[in-house]
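One chain, subunit A, links the two complexes that follow: it is found with subunit B in the first and with subunit C in the second.
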Partner chain A sequence: MKNLLGVALGILAAIGGFVDIGDLVFNVQAGATFGYRLLWVVPVGVVGIIVYSEMCGRVAAVAERSVFDAIRERLGFSVGLGALVASQIVNFMTLAAEVGGLAIALQLLAGLEFHLLAAVAVLALGVVIWVLPFEWIERLFGYMGLCLLVFAVAAIKLHPDWSAVAEGFVPRTPPSDVLVYGYFVVGLLGAALTPYEVYFYSSGGIEEGWTPKDLGLNRANAIIGYALGGFLSLALMITAGALFLPNGIDPELLGTVALGAEVPLGTVGLVLALIGITFAVGGAAIDTCFSGAYNLAQFFGWEWGKNRPPATAPRFTIAWIVLLILALLVTMTGIDPVMLTEYAVIFSVVALPLTYLPLLLVANDRAYMGQHTNGRVANAFGFVYFVVILVVALTAIPLMVLTNQGQG
Partner chain B sequence: MNRRREIDLGLGILDHQLVDVGGRRCGKVDDLELEGVADGPPTVSAILCGPPAWQGRGRLGRLAARLARGRLVRVPWTEVEEVKAGVELRRTARELRLGAGDERARSLIEWIPGAGG
Partner chain C sequence: MASEGALLAHDAAVGSSTGPFTRVHSQALRTKLDQLEPYLKDEQLARLAADIGEALDGLPEQPRRAESQLDAASEKAEELAR
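Entry: the complex of A and B
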C-alpha cells in the first residue's frame, strides 16, 4: 500500500513536471493560430516521449548505462562528441529560456524589477538544489506545477465547440497555410519530445540503482506520467483555441498565456496559472541544468550524481553551477524567452536523431540487454518514431526559415 | 580477467566507463594499447586515458586533444579486475593516477557549507 502511494505521488509529480516553457509556448501559439486543428499532434508527441523514455529507463535498469554512456560506446569519441556538443547547445538554450520564463512569471506575480527577480530566482534555484534531496525537489516543483490544471478548468469554462475539439484529433489537410501548419506540427512534436527529460530520467534511474526488477515501475512511470502530462498540453491548446483565436490575440508574450486562465476564472485563475508556470518552468530549469552536467560527466567519465555529497562529484557540481550562472547572464541581456524557446525547440528536434538512434541500437543489443532487448511492440514503435524523428529533423529548419518562425 | 569470454574490443571495451576498486568513476577507456601486432595474435597491454589519447580518435578527437589539458594515464591491462557495466579496476583511482581532474576541482567547492565528502 505504501508502495502504491509512492508510485501515485511520483506520478502526480511527473504530471506537474511535464509542462515546460516549450509546451507553454507551442501549445498556446498552435491553439491561437489553428484552433483545435493541431490537437492530434499532442498524442503523437506524447507516445514518442513514452517510447524514448521507456527505452532509456530500461537501458539504465538492465545495462546500467546512462544516455551519454550509451552514445559514446556506440558512436565512438568523435561522432559522440559531435552529439554531445549539439545536445549541450540545445540544452543550454532551453535552460536559458526556462530561467527567462521563470523571471517573467515572477515579475507578473510580484511586480518587481526583472533583472532583480532573475537574480533572486537563480539564487533560489541554486540553494534549493544544494539543500534539498532529489525527491523533495521533484515533489515540490511537481505538485506546485499541478496549479496548471487551472487551464483544464479554464478550457471547460470557455465552452469550446466540443465537436470541433473532437475533430482536431484527426489529422486533416490544413485550411490555408500549409507551411505554417507544418512548422507547428514540428514545434509541437519537438516540445513534447524534449530530450533533457529523457537524459534526466535515465540518470535518475541509475542514481536510484534500478535493476531489471524495476522495469514495471519504469514502464508505469513513463506511460502514466507522460500521458497525463500531455493532458495539460491539450488543455493549453484548447484554451488558446477557444479564447485567443476568435479574439485575434497573438500570444507573443508569456504573460498572455496566463490570460487564458484569467478571462474565464478571474484573479484566482490568473494567480494559479502564474504559480503553475513559475513552478513548472522553475522545475524544468533544474532538470535542464542537471541534464547538462549529467551529459558532460557521462561523456568524459567524471564522477557524477545528485544523491552524493557535492564535493565527491566535483566537476559535475561545478558544471551545473556554471550552467546556472551562464543562463542567468543570458537572461540579463533581456533576450526574449519566447523567441529563445522557439529556437531551442526547433534545434532540439534537429539534434534528436543523434541521441535517439544509439539508444535504439543499444536497447536492441543482446550483449547489453540480455533477455530485456526491445520486444516486437517496443521495436515497432521504436523504428516508426525513428522515421518520424528523422523527417521532423530534416524539415525543421527549412520550415522555420520559410515561415519566419510561424509568422507566415 | 579470469573467465573466458569473447569481447569485441571496439564495442565492448573502448569508450567504456572506468570504475576504481571503491566504485568511483574515474575516466573512460579513451584508447587501447596493443602489443605484438606484427608477430602473431595481438594482445591488449594497456588502457589509455586522458585528453592526449583522443588524438587518435577521429577529427573531432584531434581537435579536442589540442584544446583540452590533462595528462595521458596508462593503466596496464593487469590492473583490470572485471568488465561489467564499467571496466572495474583492482586499485584506487589515486593509486592509478586516474581522476586527477576531479581531485583538482574538489578544492574549488569543498569550502561551501554542505559540500560534504
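Entry: the complex of A and C
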C-alpha cells in the first residue's frame, strides 16, 4: 500500500510537473509547426528527466540531501547563491505562468472574469496547500490531471498518418527553417527537463522519509511517472500535427490546445481537456510554489516541510505564501502566460547545468552515497545528458533571439 | 486565425462546444487580431483582418454565419499568401 501511495508521487510529478503549461505550449506549437518531425525529442527529454530525478531521489533517500543542500555543499555559498538566484528567477517565472494558465483554463470552463478567477485560483491553491495533507494533494491533482489522456484519444480520432508518426521518432534534418527547428528542439528539451519538478521530487522524497530501502520505489516513480508524462506530450504533439498544421493554425493561446480535443471529440473532449489542463497546471503551480520555498529553506538552512505544522517551519510557510501572492500580482498585470512560459522554459534550460552538475558529483561521491553511488549505466547516462544540457544551455538564448521565439 | 475561428464556429454551430469556451476563446482570438492589426500595412490584409474581426465578434451569437465568413476569410488569406 505504501508503495502504491509512493507511486502517486511520481504520477503527480509527471502530470503536474512534466505536463505543465510549458509542455502544453511547446508540444502543441512544435506539432503545429513541424508536424511529427520533432516527436523524437520527447523520449530524449523523458530519459533525461528520469536520469536526473532518479539521481536526485537516490541522493535524497541515501544521503538525505535535497538539491540545494548538495549545491551549497558542493559549490560553496557564493557560487551556490548564484545558482539559487538563477533557479528562483526561473522558478518564479514558471509559477506566474502556471497561475496565469490556471486562470485562463478556469475562464474557458466557467466564462467568468479573468482577474476574479486568478484571485480565486490562488486562494484555492493556498487553501489546498494549507488544509490538505501531501498525499491528498498528490491524489487530487495527479488523478484529475489524467483527464489529459483525452488527447491520446483525440490523436487517434484525428487519424494521423501513422507511418509519418513513426518516422518522427528518427531525427532528420528539416527541409527548411533549421534555426526554428533547433529552437523547438531546445524548447521541448527544456520543457521536459524543467528543474523545479526535480527540486519538488527530491524534497518530496525527504518529506516522505525515504531511506535506501525505497530506492526501488524511487526508480519506479521516476520511470513510470515521467514516461506517462512523455506519453501525454506525444499525444499533444500528434494532435497538433494532425489538426493544426494542415489548417495553418498557429497555437498562441491556451484555448487552442483545448480545441485540439474539441474538434475530434466534441463537448466531452473539450470539457475533459479543460479539466485536465486545469489540474495539470494547478498541480504544477503547487510544485513550483513548493519548489521555490524548498530551495530557499534548504539553501539557508531554515526548518522546512509541508508535513510539519506551519508554526514549526515559519519561514518556509511564509516563503510559499509570499511566492503565491507575488505570482498573483504578476498575473494581474495581464502578462500573457503563454509568452511568459516560453521565456521561463528557455531560461530554465540556461540555468539547468548549475543544478545538474553538483547533483551528478554528489551521486558519485562515496562519502555521501556509500555503496549507492552511480553505477556504470547511470554514469554513462548522467554524463551524456550533462553534455546535452550544456549544449542546449549554450544555444537556447541565441536561438530564441535569432528565431524571434520560433516565429522565424 | 481565420481557420481557427472557423473550426470554433463550426463546433459551436453543431453544438460540439460550450458557451463559455466559445465566447472566451473567440474573444481571445479577437484580442490577438487587435494586436496584429497595427502592423498590417497592406490594404487588402487590413480589410481581411477587419472582416475576420467582425466575424469573431459575432461568433458566439451567430456561429453559422461566422463559420461561413471565417471560411471565406481563410480562403482569401491563402490566396493572398500565394
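By our rule, the second predicted complex is superposed on the first by the 390 of 408 C-alpha atoms of A that agree within 3 Å, B and C clash if a C-alpha of one lies under 4 Å from a C-alpha of the other, contacts with A are read in each partner's own complex, and residues count from 1 in each chain.
Here is the rule we go by: contacts are C-beta pairs under 8 Å (C-beta built on N, C-alpha and C of every residue); 3 or more make two chains touch, one makes a residue touch a chain.
This is a predicted model, so every value here is computed, not measured.
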Based on the superposition on subunit A, does the combination of subunit B and subunit C result in a clash or a fit?
fit
Quick check on the superposed pair: does A:Trp136 touch subunit B, subunit C, both, or neither? Answer first, second, both or neither.
neither
Who does A:Glu303 touch here: subunit B (first), subunit C (second), both, or neither?
first
Per-residue contact with subunit A, leading partner among subunit C and subunit B
B
Between subunit B and subunit C, whom does A:Trp162 touch in the aligned arrangement: first, second, both, or neither?
neither
What is the angle, as a multiple of 10 degrees, that the CA centres of subunit B and subunit C span when seen from the CA centre of subunit A?
140
Nearest CA pair across subunit B and subunit C in the overlay: distance in Å?
36
Touching residues of subunit C toward subunit A in the complex: what are they?
3-4, 7-8, 11, 15-21, 23-25, 28-29, 32, 74, 78
Partner subunit C, residues of subunit A touching it in the complex:
107-111, 247-249, 252-253, 255-256, 258-259, 262-263, 266-267, 270-271, 274
Per the touch rule, the subunit A residues reaching subunit B in their complex are 63-65, 69, 72-74, 76-82, 130-131, 297, 300-304, 308-315, 317-318, 321, 367
Across the complex, what residues on subunit B touch subunit A?
8, 11-12, 14-18, 24-28, 30, 49, 54, 57-61, 64, 84-86, 99, 101-103, 105-106, 108-110, 112, 114-117
